[in-house]
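Heads up, the next two complexes both have subunit A, just with different partners, subunit B and then subunit C.
Then we have the complex of A and B:
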């Protein structure tokens, strides 16, 4: 059913031949898949609890109060303590914890003092803790996951709106095109950062975190879709003027058929090359916003928030900024390599060397 | 003869006083103050099974005329009558039944075939759009069409860029005849091809005409090509037909000064015959501000004062069987 156009196949072949981009693509895809089951790798809930001969898998189930496992409290079980209790009792019960047995929200202050701890294998804080004694690796892991999915959602929305509007402008032209162009010119001159600040000062903090993340996404998309329409509009104009569109009209194809079967597939191909760069821009933007304190609402783990902490405690706790910076560099490099490879495999002049 | 549909009494296609004026939008308000008179009051008819050749320099409006008849444009004025039905003002879905009967072959076969679809998709599309047959019968029809235009059946899985120019034009022709049309508008179908390929395509078009009793509106700027294919010829200059008649008489004795110079420009394959060429100077004037009177007068070697003022009508002349739009021909 899914037979690819030979041109597309050739591009995919070329993309695979560009090792650096292809390997980056594989790494990033693996990272995305792994992050989907991230709770099994990083988290405070045990993967498996064997208690009185019965196995429990608390990762994705409803929470187990401590009494379920013979403890004397009815709030959620602390599985790290449970493991120690089981070990001390030595009755054949055991707990299998994730490799990083911390979630990104809990504090692990020794005593009552919040202070960043340096990386340590013994305490299983492999990258240390941050200024409120939360595990940095856990925060990085979930911060990266949120940043990746946030920027993918951002890219998808921006492309959807940009392609729809741009294509409509290019296809219908005339007054519609004229009005929309003027509107876009005005709209794209609204300063985005101020809009984010204003919107965030207006929405009450009683809104739940997912809702506020969605609002942030909506605001960012609302002020970013315009640039996509420029490309799409000209591409559509170009494709519409070609004779295959006229041929489709002569056989009586409907407007919808002409747009979706003829113009869009031809016009979109150039936009594909922009996609990774849109993701890079989105990751950078969300990190910058977090750094300024206008991004993802706390206590959501985020790279920008870690960077802010890290720069504030650069001398006393350099591991914070190091970890956040390293992750950001790695992430952006991967996506940029993919983008470069895609651009190169779409390049009609195959052997062009840019110097 | 086609037995199922009785021949209509009149011509297959009758075009009367057809005009296509494109607005030239200028200034801040994009008002259309001036118009590009690409086609300006053209009348002609095509009988069933006949080929009308339309010649003229580039920019004279011949392609626009063809696209008006195919209803890719909505003409500003005049009427197009096809099989006794007025089709000038049909729009949207009401145009779709007509599309079965009027098809088009385009100049550049690379551009007129969607590079993302394989040949099977391209040939199937007219049948799908017009809801002809079911899946199985469409497959058969695609094979049949490929056979008719002389391409192997396995071409259906191939993509346009895998073919040569001539083969691509064969695909374009197959698409045009897929719906068994009555009239095919050939918009410079061979001018993008090598000369050696041109004759193959022209012969194919001739064979198809005989086999399926097609009518052609054959648009070209190459007079030799038109001579080879056309029963009657219309010469266009700046949006108007300046001379029309049967091919033989126009080639033997052109009457309009413009036609004369066109005919004299055909190379003669005989090194001993002295060419007496009537060379035209200058370019075609802009159809946005056409010259007053006879549009040809600025380039005409015989222009008089009357030509500058009065627009000549296309009329029968005594000295020749064709119809000519010139004051000086009688």
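Then we have the complex of A and C:
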């Protein structure tokens, strides 16, 4: 691992000083951490069940059939009903449910039919339900979690490939650079969204949902890594020509050492500036794909799918589109603020004096 | 070849949209060479195409003309006005045969608008005349004799004669139309056509089925003077050409705005416009159809009055988007009507591919039947508007099985069935596993994007019975292709079934549509059999017993025997458990602006949509009044249940 040079450290300090961006960063990080333990906040499985003096923690364990708690069915316990059963029996058993006691897949209607219901505190549907009576908050929560981690994974993969190829192009130059440039020129002209739609539509559905999400990620990365290479290539060329790199080479440092210890740390500021925008692009892309019906396979919760439902029921259930749109705006604003702060703190003009 | 290029160029220009002139295509040459090729084809099949004289007609024929049947439509109907509608997609071609022609737009060009020899009366099921003045059925010779109405004219004013029927066989048997189903149907389901004179002909079928008259009387001629000899270039040449029609509506070239809209225009000199059964129908002067892909958008267009009628079959639209207390409904501007009809029901259900591992086990299939909670879907999602399908052939009257019902959702029964197949233990996620740790998990495919929530509900419920459905939603073409290539596990879909006397079994259940050589000559399973693609046997059902019954059914000419066989086959199919019957919709409901008028009884027993029979008309004065001010009229929310069968359960 390379250590940050003093210049980069100064940049980070500056970033922390830009309050709006820094606070956004903290909020987003907190959201990410919270979403990791999301099952404790949003889900149909109880956090704690106290049954006949024994405590059970069903959230992350194997499923408990109803028979485990004295019910008469062998499928997964309905903990909301269990709570009512315990309360009625009044034998000291109790259930602690998450604050939002619904999972994103189950239909839970207060009336006889599945239809969108407006937000209600009493039924604990804090953002209402969608067209098949699924809890919108639960779907939003897990949809956002998937979108966030998806976009982070997307960013990481794109940067890994982009940096590797870009660095190699810039460092080795010559024929290798020439050939790869042409290849990238061709590759980057393939229309991204269409390609994703086409490729993803021929992926066999026998794969499970996580695998399909991974395939979608791979396909998206495949068609988006190119833009990063150019920046890296230029940056590497620039750094390679500087005296310290030449000095390192004269001392006898290996290629790997020069790239990782000397060039990369100095090129990092350019990359960091782009990161938030890559995340924004990934969230927007996956939402757009879902909106068009080519994204994550149903019934995976997703922002795009909610938006689509919302636009179809704009007149009758405005809370659907409201929730999805609000979340999207919040998410993208946070990321944009972070991006803005990073750009400002990493701005080279702050550290060079040309006058 | 050169003609083809010119046509391609012409359509390209028209496609650009800046070509406003009337581009009525030049009539194809009908030179002597053309005539000769068609005649030569007739001559090459002397058994099929016969030419006799009027004197050769059998004398003992009983001619009928359906004259006793009541008229169709309302005498109050007035002609005129423009009807506005929408289509989901612009038609890919205006041909009515060949590649891409079997799209939903063909109903406007052919199925719903054109006139065949005779038509089933939409209330009485008997035939009323179309192109025929009268006809006679001879069961003994398996022949239907037809006397054409001498007044019948194509829309370009050329008389319709027996030659157009001879030509129809030439046309549909031609390899150039690239339509194998038609080649097969017109080549094997008919054995002879005889021309007696210009307006008298007879057509013979191979089997004297109880409804053999329907097979002949529903034929529609093809205009020989328009197509002439067919060649290799048929598909491209006629891609955007509108052939002359026997019906009231035709499409003018200048009304084709590719990708945007298309309009039908009423032929003011239509030959049948004063004939009984036809005089009160096809009333609008123009029908303008715009492309609106999105259903919610289509509804908004309807709410604005840009579209006259909107189908409200989905509960969401009927109850939420256009509720009874909607201001437009309450003010009587938009009317809502539910109409209970009677016709064979579309087969909505889960089609299980029995050639897949695990699904070839009957216990698993029985379990799937019990694990699929259609009751909940009907109750909660469809709000009890639909009812549970009983068997795969509901709605055929006495031909439907009288007592069978679908298996009910029952977790215990499902678990027992799965346990019999070796899946007795639940895994960590509640899904059953067998001794080898294999999960009980199948892909549930559909091509109906709008019904994906149904599958999500089924998935959640099935998990209780320990089976996992992986939901896969494909677009319409891809989904159907997958199923027809037999690559699905379980496919959720329906076959649209037309108005017929008895159900068809061959297409969906005969082994020849499942495998190439399903069985060896001794009746045992052929170990090297390969799935047969592009057929409707989506269950890959191959049972020698079923084959034998289907063959007997197809050869039978006794309605009694066929009924018995139909019941037995339905029972066998039920026992095989390869189909999970879904739901049937025994009504249609529609919202329409008050300027659209319908007959007093609204519509007909065997109609499948409010606009299908074109018995409605437009009140242009009412339209102006409604459009001009926000007036109030009596609200109209009607239910017509005169054809609703008495509830049996």
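Operating definition for what follows: the second predicted complex is superposed on the first by the 340 of 355 C-alpha atoms of A that agree within 3 Å, B and C clash if a C-alpha of one lies under 4 Å from a C-alpha of the other, contacts with A are read in each partner's own complex, and residues count from 1 in each chain.
The working rule: contacts are C-beta pairs under 8 Å (C-beta built on N, C-alpha and C of every residue); 3 or more make two chains touch, one makes a residue touch a chain.
Quantities reported herein were computed from a predicted structural model and do not represent experimental measurements.
Annotation: superposed three-chain arrangement on subunit A; subunit B versus subunit C shows no clash, the two fitting side by side. Of the two partner chains placed around the shared chain by superposition, subunit B is the only one that A:251 touches, whereas subunit C remains out of contact.
In the superposition on chain A, A:243 contacts subunit B only, with no contact to subunit C. In the superposition on chain A, A:6 contacts subunit B only, with no contact to subunit C.
By the touch criterion defined above, A:178 lies against subunit B but remains apart from subunit C after alignment on the C-alpha atoms of chain A. Once the two structures are superposed, subunit B and subunit C can be ranked by residues of subunit A touched, with C on top. Of the two partner chains placed by superposition, A:277 touches none, neither subunit B nor subunit C. Rounded to the nearest 10, the angle at the Cα centre of subunit A between subunit B and subunit C in the chain-A superposition is 130°. In the superposed pair of complexes, A:230 makes contact with neither subunit B nor subunit C. Of the two partner chains placed around the shared chain by superposition, subunit C is the only one that A:65 touches, whereas subunit B remains out of contact. Taking every C-alpha atom of subunit B against every C-alpha atom of subunit C, the smallest gap after superposition is 39 Å. Partner subunit B is touched in their complex by these residues of subunit A: 5-7, 178, 242-244, 246-254, 257, 262, 265-266. Interface residues of subunit A, counted against subunit C in their complex, comprise 62-63, 65, 73-76, 105-107, 109, 112-116, 131-133, 201, 205-206, 208-209, 293, 297-299, 311-317. Subunit B makes touch with subunit A in their complex at residues 30, 67, 70, 72, 95-96, 99-100, 102-104, 106-108, 111-116, 118, 125-126, 129-130, 159, 161-162, 172, 175, 178-179. Residues 294-296, 315-316, 319-321, 379-381, 383, 411, 415, 426-430, 443, 445, 449, 452-453, 455-457, 459-460, 463-466, 470-475, 478 of subunit C are the ones that touch subunit A when the two sit in their complex.
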